[in-house]
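Just below is one structure, and these are the notes that go with it.
Chain lettering (A, B and C) follows the sequence in which the chains are written, and residue indices restart at 1 in each chain.
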Amino acid sequence: MALFETRGLTKRFLGVTAVDAVDLTVEAGELVSLIGPNGSGKTTLFNCVTGYLAPDEGRVTFQGRDVTGVAAHRIARLGIGRTFQLVSVFPRLSALENLLTFLQQHQEESLVGRLVRAPRVRRLEAAAVERARSLLDSVGLGGRAEAPAGTLSYGQRKLLAFAAALMPDPDLLLLDEPAAAVNPTMIEQMKAQIRALHRQGKTVLLVEHNMDVVMDISQRVIVLDHGQKIAEGPPEVVRRDPKVVEAYFGR
Amino acid sequence: MRATRWVLGSAALVAVPWIAAAVVPGQQRYVLHVLIFTALYGALALSYDLVVGHVGSLSLAHPAFFGLGAYTLALLATEARWPFAIALPASIALAAVVALAVGVPMFRLTEHSFAMGTLGFAIVTQVVATNWVDFTHGPLCVTGIPKPQVGALRIATLPAFYWMGLGALALVALLYRGLTTFRLGRAFHAVRDNETLAAAASIDPLRYRMLAFVIGGAVAGGIGALYVSYVGVLCPGELTVSLSVNLLVMVFLGGVGSLRGVLVGAAAFTALPEILRMAPTWRMVIYGLLLLVIVIRAPDGLEGLMRRASSRGRRPSASGA
Amino acid sequence: MSDLLEQLVHGLTLGSLYAMVATGLALMFGVVRLINFAHGEFYMLGGYAFWYAYVELGLPYPVAGLAAVAAMAVFGLAYERAVIRTILARTWHVQLIATLATSITLTNLAIIVFGTQPKEVPTRLSAAILDVGGVRMAWQRVLVLVAAIAIFAALEWFVAHARLGKAMRAMSQNREACAVVGVDVQQVALATFGISAGLAAAAAALVSPLFSIFPDVGALLTLKAFAAVIVGGFGYVRGAIAAAFLIGIAESLAAGYLSYAYKDAIAFVVMVAVLLVRPQGLFGRRIGI
C-alpha cells in the first residue's frame, strides 16, 4: 500500500481546470519531484492535498485512510508536513518559538493542563525545546534561536520553515519550491538537507522549478502540464520524454 | 526581592480606601467611585484585548456581551429575585452561550464581514434591549438592582465595591496572563500572525478564535453583571456601539496585546476625563482624534512608548558601565 | 392594498437613499480597497451643508442642493488627502479603527456646532402630495426615486465612457496593472472620494426634506449601507444598489407590518442572513465596480 496517493484529483476555478484528474502515488521512503511549466497546477495540487483547497473530484489517501477535503490543521496533525512557496514563518515569534509552535499540538495534553502549566506539560515543553534546538543547529540557525523570525534573511527564513515542518517528525513532507529565490550556496544546503532526510528514510514530495536540483536529488519525477500528468519516471528518462520537452518549450 | 514588591504593591492596592480617607478626606467617595469604574473597565478591556489583541479578531460585539451579562443579572435579581451568588454565574454562562452561538456563524466570514457581522449583532442586541419594553423595560431602565449579598457578606459600601472591583480585575488579569503566555499564548499568536501557517502547524484557527471569543464574551458578561450591581440601574444606552469605540481606545491607547498596556489605557481612559471634567461631547472628539493619531502613529500605544523609553534609558548605562 | 403600496413607495425612498450612500461606499472599496466607516458622516455633513444653503442662506432648492454636493466633494478630496492616504498602506484593522475614530470625531463636532436638535428642511415638494389611485405620497419621494435613477445611469455612463471613470473601473479590477500602464493612481483615488462624498451629499439634499438632519444620522446609515455592500458583494456597485433597494423595501414593510420599533434591525438581520447562507454576497464574488 502506497504511503500517499491521489486518484482522479480535480480542481476547477471559474471555468479553468487547474488540476485535471491527476493520479499520483508516493511510496514510503521515496524522494519524488513534481515539476511542470508555470501554471501547470503544482501548487494547487499541494493545496488540495493539504486541506487548503477542497478538490472538486477525486480522492486523496494517506496511510490507507481517505483524507480528501480534510481541514488543513487536521491533515498536519495526521503527519503531513509542508512548506509554502512564499516562505511563511511567525514573524513575531523567535526562531525557537516558531519550531515549538509546530510541535505543541502533537503532544497530547488538555486545555486546562496548559492553562495551569501542569508538571507534565512543562516536561513536554522542555523536551520540545531540546528537539527544536537540535533541529535549528542542523540547519545552521542554532545561533539565531532567540531572534524574532521576522528579522531573519529570506534564506534563513526558508531554512527555519524547513526546520519547523520537520519538528513534528511528519511521515510525509511536502516542500513547495525549496530552491526558489535563494543563492546557490543556500541551494546546495537545501539539497544536502533533503538528501539527509531521504537517507533517514523520510518520504519527501517536492515541487520545484530548478531542474538541476530536480535531476540531482530525485528518485522519481512526475510532470504536470495544464493540470494533467503527462509523464512519470526516473529523472533521466523524463527529461528526454518528448511530451515533457514540448510542454516546457512550446510547440 | 520581586516577591516583596508584589506583596507591598498588593497591600497598598487593598489599603486604598484607608489611604484615600487619609490623603483626600473630602474626596474619598469620589476617588473610590473612579477607581471602581477603572477596575471594571480594566477587566473589560482585558477581555476585549484577548479577542482583538491576541487572536486578532476585530470583533465589535463586545458591548452586546457586556449588556447581556448586565441585563441577565439585573432581571434575575429584580424580577426573579435570584441571589447574587447564582445570578452572577448565570450571567457569565449566558454570555458564554450566546458568544458560542454567535461565533460559530461569524467566524465563517472573512475579516471585513466578520467585523460587520459582529457589529450587526451588537446593533440588533441594542435595538432589542431598547424596544422589548415588556422584558427589558427599554428606555425606562431596570431600576432597584439590589446590592450583592453572598451569605452574610453584603457589598454595599464604596470600599466593599472597590475590593469587589479589585478582586474581579485581579482574577481577570490572572486569567489573561494564563491564556496569553506559554503554549496557549503561542497558539493564539500563531493564529493571529499567520493563520495559514498555524493550520500547517496543526493549530485549528477556528477553535482558538472561538476560545478567545467565548472567554472574552463570558468575562464581559461577568463584568456587566458586576457593573449593574454597583450602579443599581441599567438602561439600554449602556450597550451602544460607543462602548466598542471606548474599548478600542483603551486597548490601542494603552498597547494592544499587553497586560500592562491595556490596564494603563483603561486607567487613562477612565480617570482622565474625570480629572479633566470635560463635557461628554468634547471628550468624544478628543478620543476620536486621539484614537486616530494613535492607531496611525503609535500602534503600540503607551506600552510601546514606555518600552522604547526604557530600552533607550538602559543602553547608555550598558556601554558606560 | 393602498396601505401596502404606500409602504412600498416608502421602501423605494429608503432604498434610493441607501443605494446612493452604498454606491459611494462600494466605489471606495472597489477602487482603493478601503472600508470607510465615516461615510455616513459625508451624508450628515452634506445634509447640514444643504440646510445651511437652503434655510440659512435662502438659496433656491436646486442651487442649495448643488452647493451641498460641491462642498462635500471638496470635503471628500480633503478627507482622502488627510486621512485615507495615510492609512491606505496599513492593515484593515488600522483602516477600520482610523475611519471609525474619524466618524466619532465628526459626529461629536457636529453636536457641538449644530446642537442635537434635528434640523427640518421642508421644501415645496415635500409638502405637496401626489395621489395615484388612492396611494398618497409626497412629490419629493418621486423626485428622490427619479433623481436616484438618473444618478445611477450617469454613473454607469461615467464608468463606461469617461476617462476618469474607466480608470476607476480599471483600478478596481487590477491596481498594479494600472500603475504600470501609467494611470495616476493617486488622482483616481482622490476623484473616487470626491464622487462618493458628492453622492452622499446629493442623497442628503434629496432625502432630508422628508426626514431630518441630526448629528447621529450618519452612524446607522453607514451600517445599513455596509449591509447593502456586503449583501451585494463587496465592491460591486450594481449589487450594492440592488441590495440597498431590497433592504429599503424590507425595512419599510417590516416597519409597517411587523414592528416600527425594530425596523432598524432589519438591515442587519438581512445582512447576517445573507452572510450565513451566501458569504460572497447575493451576486457572487465579482471583480471590479
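The definition used in the following text is that a residue touches a chain if its C-beta (ideal position, glycine included) is under 8 Å from a C-beta of that chain, and two chains touch if they have at least 3 such contacts.
Nothing here was measured: the structure is a model prediction, and the numbers come from that model.
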Inter-chain pair with the most contacting C-beta pairs: B-C
Of all other chains, the one whose Cα centre sits farthest from chain B: A
Between chain A and chain B, centroid-to-centroid distance (C-alpha), Å: 42
Separation of chain A from chain C, taking each centre as the mean of its C-alpha atoms, in whole Å: 48
Inter-centroid spacing, chain C versus chain B (mean Cα positions, whole Å): 34
Chain B - residues contacting chain C, complex: 56, 58, 105, 108-113, 115-117, 119-121, 123-124, 127-128, 130-131, 241-242, 245, 248, 252, 281-282, 284-285, 287-292, 295-296, 299
Touching residues on chain C, where the partner in the complex is chain B: 35, 83, 86-87, 90, 92-94, 96-98, 100-109, 111-112, 219, 223, 226-227, 230, 234, 259, 261-262, 264-265, 268-269, 271-272, 275-276, 279
Complex contacts: residues of chain B adjacent to chain A: 178-179, 182-184, 186-187, 189-190, 193-194, 196-205, 211
Contact set on chain A toward chain B in their complex: 50-52, 71-74, 76-77, 81-82, 84, 88-93, 97, 100-102, 104-106, 111, 114-117, 121, 125, 164-165, 168
